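The two complexes that follow have chain A in common; it is paired with chain B in the first and with chain C in the second.
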Partner chain A sequence: MMNSKKVDFRNAVMRRSTGIAMVAIILIMGIRAPLFFAPANLMTVLKQSGILCMTAISITSVLIVGGFDMGAGAMVQLVCNLAAGMIISYSNPALSWGVGIGVGLAFGLLNSFLVVYLHIPTFVTTLGTMYLMNGLSALYNKGTALAIKETAGFTVLTQGSILGIPNIFLLVILLCGIMHWFFKYTRTGLRMYACGENRNAAQLHGLNVGKYLILGYLISGTLLGMTGVFQCSYNYGASAVDYGMDFLVKALASAYLGSTFSRTNELSMIGTVIAGIFIAALSNILIINGFSNQIVSGVLGFVLILSILLTVIKKRDIGQITIF
Partner chain B sequence: MENKTIKTTAFSKNKAGEFFKTYGAVVGMFLLLIVFQIFDNRFLQPANLWGICKNSAFLILMALGMTFALSVRGIDFSIAQVADAAAVISAFLILKDVPPMMALLLTLLFGLFIGLSNALLMAYLGVPALIGTLGTMFIVRSFELVLTNGAQPQVLFTMPRSVTGTFLNIGQGSVLGLPNVMLIGILAIVVIYFVRERSVLGRHMDAINGNVRSAFLSGIDIRKTFAAAFILSALLAAVAGILICSRAGSATPRATESYLNDCFVAVYIGTLLSKDKRFNVLGTVIGCLFVGCISNFFTLMGMGNGIKQLCNGFFILMAVMMGTAHLRKKN
Partner chain C sequence: MPEGPVLLECRNICKAFGQNKVLQDINLEIRKGEAHALLGTNGAGKSTLVKIITGVYSKSSGDILLDGEVVDIHSPQDSERHGIAIIHQDQQMVPLFDVTRNAFLGSEITKSGGRLDLKTMRKQVQEKLEFMHVDFTADAQVASLTVGQREQVAIASALLKNPKLLILDEPTASLSSKEISRLFEIINLLKESGVTIIYISHHLDEIFNITERITVLRDSRVQGTVETKNIDPKQIISMMIGRELKDLYPKEPAQIGDVALKIDDLYSGKLVRGVNLEVRRGEILGLAGLVGAGRTETMLAVYGAEKVKKGNILLKGEPYRPVSPKRAGKAGIAFIPEDRRNEGIVPAMSIAENLSLSATKSWAKRGIIRRKLQSQGSGQIIKSLNIVCTGAGQLLSELSGGNQQKVVIGRWLIDKYDVFVFDQPTTGVDVGAKAEIYRQMVKLAKAGGAIIFISSENEELLGICDRIAVMCKGRIVKEFQAKEATEQELLYWSAGGDEQEDGNDE
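What follows is the complex of A and B.
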């Protein structure tokens, strides 16, 4: 009797190891810098995590269907530039939203066309379109930053707060809720999961895998387009520095780290968002602790490798080393 | 009789088709170069072409490393970052009064270390190559930024020539009119051609590229082969980094990162030059020269980074599209 309880306890710890490790890291680092736990700073962390969480949610929705997107960061940057340009020239946020979502959908369509109809591997397809997007951003902003002024009904979306909670975090919660409901409680969403987990089995069960892949790319394209517009609002414009790769690594790290919450390493929206907040908190706490900005990217790389290691080490099989 | 003639014409038609399937891409590239020449007549002048060949050596070294990684169905994102770090480390060590040859050796050891850690992660722990090397790329970037205290350029050419002479001579000197860089490039091409296309290791890579499972079942140590690909690619990147540093006489952190884009374009264009659209050494080399030509043309025309990136994407997608279309027709 005692014994089984012990085992249960161990199991429970093992199952929550990622969460425990996250809390432990934050606590240990936090002891050195109690400033981190000030409510104002915690809200700042939530605000900082907003764009990252949105990018991560978008990339998760394409990872769930078994696709991949190298160009997630590049897309956010392209749309951010376009949205800033629209506000500067026409001072009309509605136009930004239209262009942002339109461009997102267009690239989602292009990606899915290349993947589903021309049978190009997802990695190479999105690598190619990533360069297309980088090129378009550079052509559009001509190497200069596009700064926007405070615009009514636009900047408040990400800069404002309700009862002290940043608006952008509320938007993330809303988005996460919708996507979680879609992927866990609708027929289409569950079928998309099935396509990603075992393509052949899904096909044998009569699912049109291509259709769900297209849907995945369209959803993720739309979400990335929206994220780009939010990024424009959050940053007061677009920067000319190419940050696509950094965004991609952060988003991938959140998605894979989020998947370690579940015992079967299933990607989930809630896990992704929690991991996204953890990554933002980690960057924040490193800087409060006096580490320089330069090592943050190294820590991110480390987190990325570690999170994927946790998921693959259990199913380390002989034929599985070469993925992508 | 009639039957026979039909057969022969069909055969010759097939032959022409076959020729275009194999070399169509080369013909296309030549046509593009001629178009470039029409736009700007400085382009096809011998001095300009010589310059392109000379400057392609760095890219060729890195792209050959990428060819290894891709031919075992892996990928190496850290390649340009390792070259960058190697350049910075060699300059940093020489500035810290380490003898140049010692610095060179230590930099190569750094490349070997990154290669080994990549090999451990990817081949033995089973991390997907894409994710693992992206992580490595960010860790290496962080490392070199911390080393140089925030991307400060490491300048060697202001030091007395008596100290740095031997090191700078590697990249700047020449033997019998041929620049050293070019000689090293040619040597690397020859050696790697034999390793990749004519050795046991290369054959094992081909087998893995065809079918991992059957390669494993036929007794190939797939983990070792996979590891070798990553070690070779990191080492080649380190050599490229040393050459870049010694040629420029200085190293700025994050300055050579853009080689990654060119690497991808060169390698994917290279696949078009083989009959069954595989990654191959000679194709990669021609791809590198082609990428060199494109970059050079854009510089001559004064066009910016945007157009170049667009072309990168376009070339990668075109190359892969043609490759997959060909393979699907065959199956």
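What follows is the complex of A and C.
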């Protein structure tokens, strides 16, 4: 490798460039909206980033093992509706948790069955199940919002705070820590990374790639189910507006943007969460600056493309382009 | 060499895929502590035999014995348990992992609850790395290692299982000569420490360098096992191709006709500085020279892939200006490039479909492929190039490397051309496939084509060409009738000849 020095330098700049660019964007935008830096608003940003970060952590789990999930946002919405329904009909949060995680697992199982056993490409599979989940949501809430009241031991999970720090953010940190440990320091996590990064290498080392892909979908399904219940708690029920695609794009942008922190563009839980918080902050700051929600979507699409572009460029440097 | 005890014995191993018998009655003895070469042309059955020994394929019949006892090997894990490890041809690694994680992938050491015991793993990997005297540590990220270093990681990974038998499958394919000598040092270290080695390679010099015995496979059978020191390369090649070496060059006299291509004072880029050259119909002209002498660049300029700075070209007696490869093709120039593996084979398509990719004129009418022409045409090409396959419908991904390369060459044989440029067509090809390529060139010449054959192997130039031009530093420095030239002379002129004595004019 003759020009490895040059590549190293470029990588070093690129690795830091993500962080530098994030800080710069927030600072520049913040000058126009000093309100952003008020401690109360910063806590609000952390709170607003909660559900996004959880969705992003879930989607990262399946991206790591080489899968993809178009239906992540739709799953959160479906479970949120079901959870709200359980509370309205039976006033029972435990039932919400049971149903939420159960539905998450069921769709994880369905996705992995279609992908691993019927060999349908992950994109198409999860596009289909996304529409299936959208349909189920609409069928269940009949086009109306399902609002819940303050429920003891339920709404406090995401609305409360400890020493001024939002509970939901603490939950994100906890979840991120667990998943980071799992993927970095356990045998199963290591093998899942290997399957996603280099399928051929994994197979040559005797790993059953299909098995780990199924596991990835199950883990991500469970997490998405939990996220849906948290969304119900955070939102005081389920709204009738379809926000699945919005959630998906934000979560994907977080995962890929988060991966640009590493030299080799490794997907990582910590990177995902940092990028998730940045995206929440960006949305917040755009709205303070008076931009409408639609423009925020446009900006997010741009961030998604940019982060994938960075990933592709870097993977090309190490001779590997394996996204999608 | 004293006869050591036998470590691995194959008895009457047969393997068939459907009708296709790929191994027949294989009998093989590997002695403890030796390096044993497996040699054979592409498709002779080496890879299949290795896959049976390592449990990837199951044998149709026969026995495998280890230390004199029959063993059952049904999976890679079985073979691993019996102390057999393999280093695959292409190093498959996870670039974002460090050396330790890559080396242990699939057989990690864990503490309770599936937690990785990184400390123990790191220590074991470091031990193996130190044993091999490598220049990186167990913490290095694989993305930052060179191809040669990655190979060393693969060896370390294999050694972690303390194998009795280590199989190296074409380990030098993508290594530089310096990395190869490092690899040989490591192999010698392994032999000293009692590891038995099966070494697969096309490179005879490597095999003569490090192995004690050689087993040659041909047409799915063992042709024989010989002591390396009792045999010379020519005999080995005869065993591999099943005929005498002189038959390797199927030279036949051809009718030499008009000048097909005449290059006059051609300049292009930095490497082509005043080339004068002509080649006639029915003639095979060899272009000898060292790497960087400007041979490929000259022909690329003629082909329209490099810009021509200055010079005149006559094609079939008419003035010709290279514009683009597409125009050059239409004008009657075919260029078979050096890097065929990456040169657009589509692995998931059949032989016939791959051949059709460039048969735009001959096999299609108004843009629609004629099935009949396609199947007839591809049948002919398969026959004339001796492509080992089950039929024109077989997928390219199922062919061996050498046969894939023949398909790529076959693509240029469909449409009619006047001038054929073969740019090092025999690199990385076994002797059997080489012979097919030579035969093809002779055939094209007999049919009235003018052949320009760029090669760095002087032996094959002398064997197959009518005339040889030697290039050095962007010019033709000498021309020979092939009959009158010797390898020494070609080397002498490739290195610059007597330009010093001449008092050069630059």
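Here is the rule we go by: the second predicted complex is superposed on the first by the 299 of 324 C-alpha atoms of A that agree within 3 Å, B and C clash if a C-alpha of one lies under 4 Å from a C-alpha of the other, contacts with A are read in each partner's own complex, and residues count from 1 in each chain.
Please note the rule applied: a contact is a pair of C-beta atoms (placed from the backbone, for glycine too) under 8 Å apart; a residue touches a chain by one contact, two chains touch by 3 or more.
What you see is a predicted model, and the numbers here were worked out from it, not measured in a lab.
*Asks:* Look at A:S297 in the shared chain and tell me whether it touches chain B only, chain C only, both, or neither; answer first, second, both or neither.
*Replies:* After superposing on A, A:S297 lies in contact with chain B but is clear of chain C.
*Asks:* Have a look at where A:G177 lands relative to chain B and chain C in the superposition and call it first, second, both or neither.
*Replies:* Touch status of A:G177: no partner.
*Asks:* In the superposed arrangement, does chain B or chain C reach more residues of chain A?
*Replies:* Of the two chains, more chain A residues are contacted by B.
*Asks:* Does chain B (first) or chain C (second) touch A:G160, or do both, or does neither?
*Replies:* Neither partner.
*Asks:* Who does A:P34 touch here: chain B (first), chain C (second), both, or neither?
*Replies:* Touch status of A:P34: no partner.
*Asks:* Per the definitions at the top, what is the overlap between the chain A residues touching chain B and those touching chain C?
*Replies:* Residues common to the chain A contacts of chain C and of chain B are 318-320, listed in rising order.
*Asks:* Chain A touches which residues of chain B in the complex?
*Replies:* For chain B paired with chain A, touching residues are 72-75, 121-123, 125-132, 134-139, 141-143, 145-146, 150, 208, 212-213, 216, 222-223, 226, 261, 264, 268, 304-314, 316-317, 320-321, 324-325, 328.
*Asks:* Spell out the residues on chain A that touch chain C in their complex, using ranges where they run on.
*Replies:* Spelled out, the residues of chain A in touch with chain C are 1, 4, 185-188, 190-191, 193-194, 197-198, 200-202, 204-207, 262-266, 318-320.
*Asks:* If we count contacts the way the header does, which residues on chain A are in touch with chain B in the complex?
*Replies:* Answer in residue numbers: 68, 114, 118-121, 123-125, 127-140, 142-143, 245, 248-249, 252, 256, 292, 294-302, 304-305, 308-309, 312-313, 316-324.
*Asks:* Show which residues of chain C lie in contact with chain A when the two form their complex.
*Replies:* Touch residues, chain C against chain A: 76-77, 88, 92-97, 101-102, 105-108, 110, 113-116, 118, 141, 143-144, 146.
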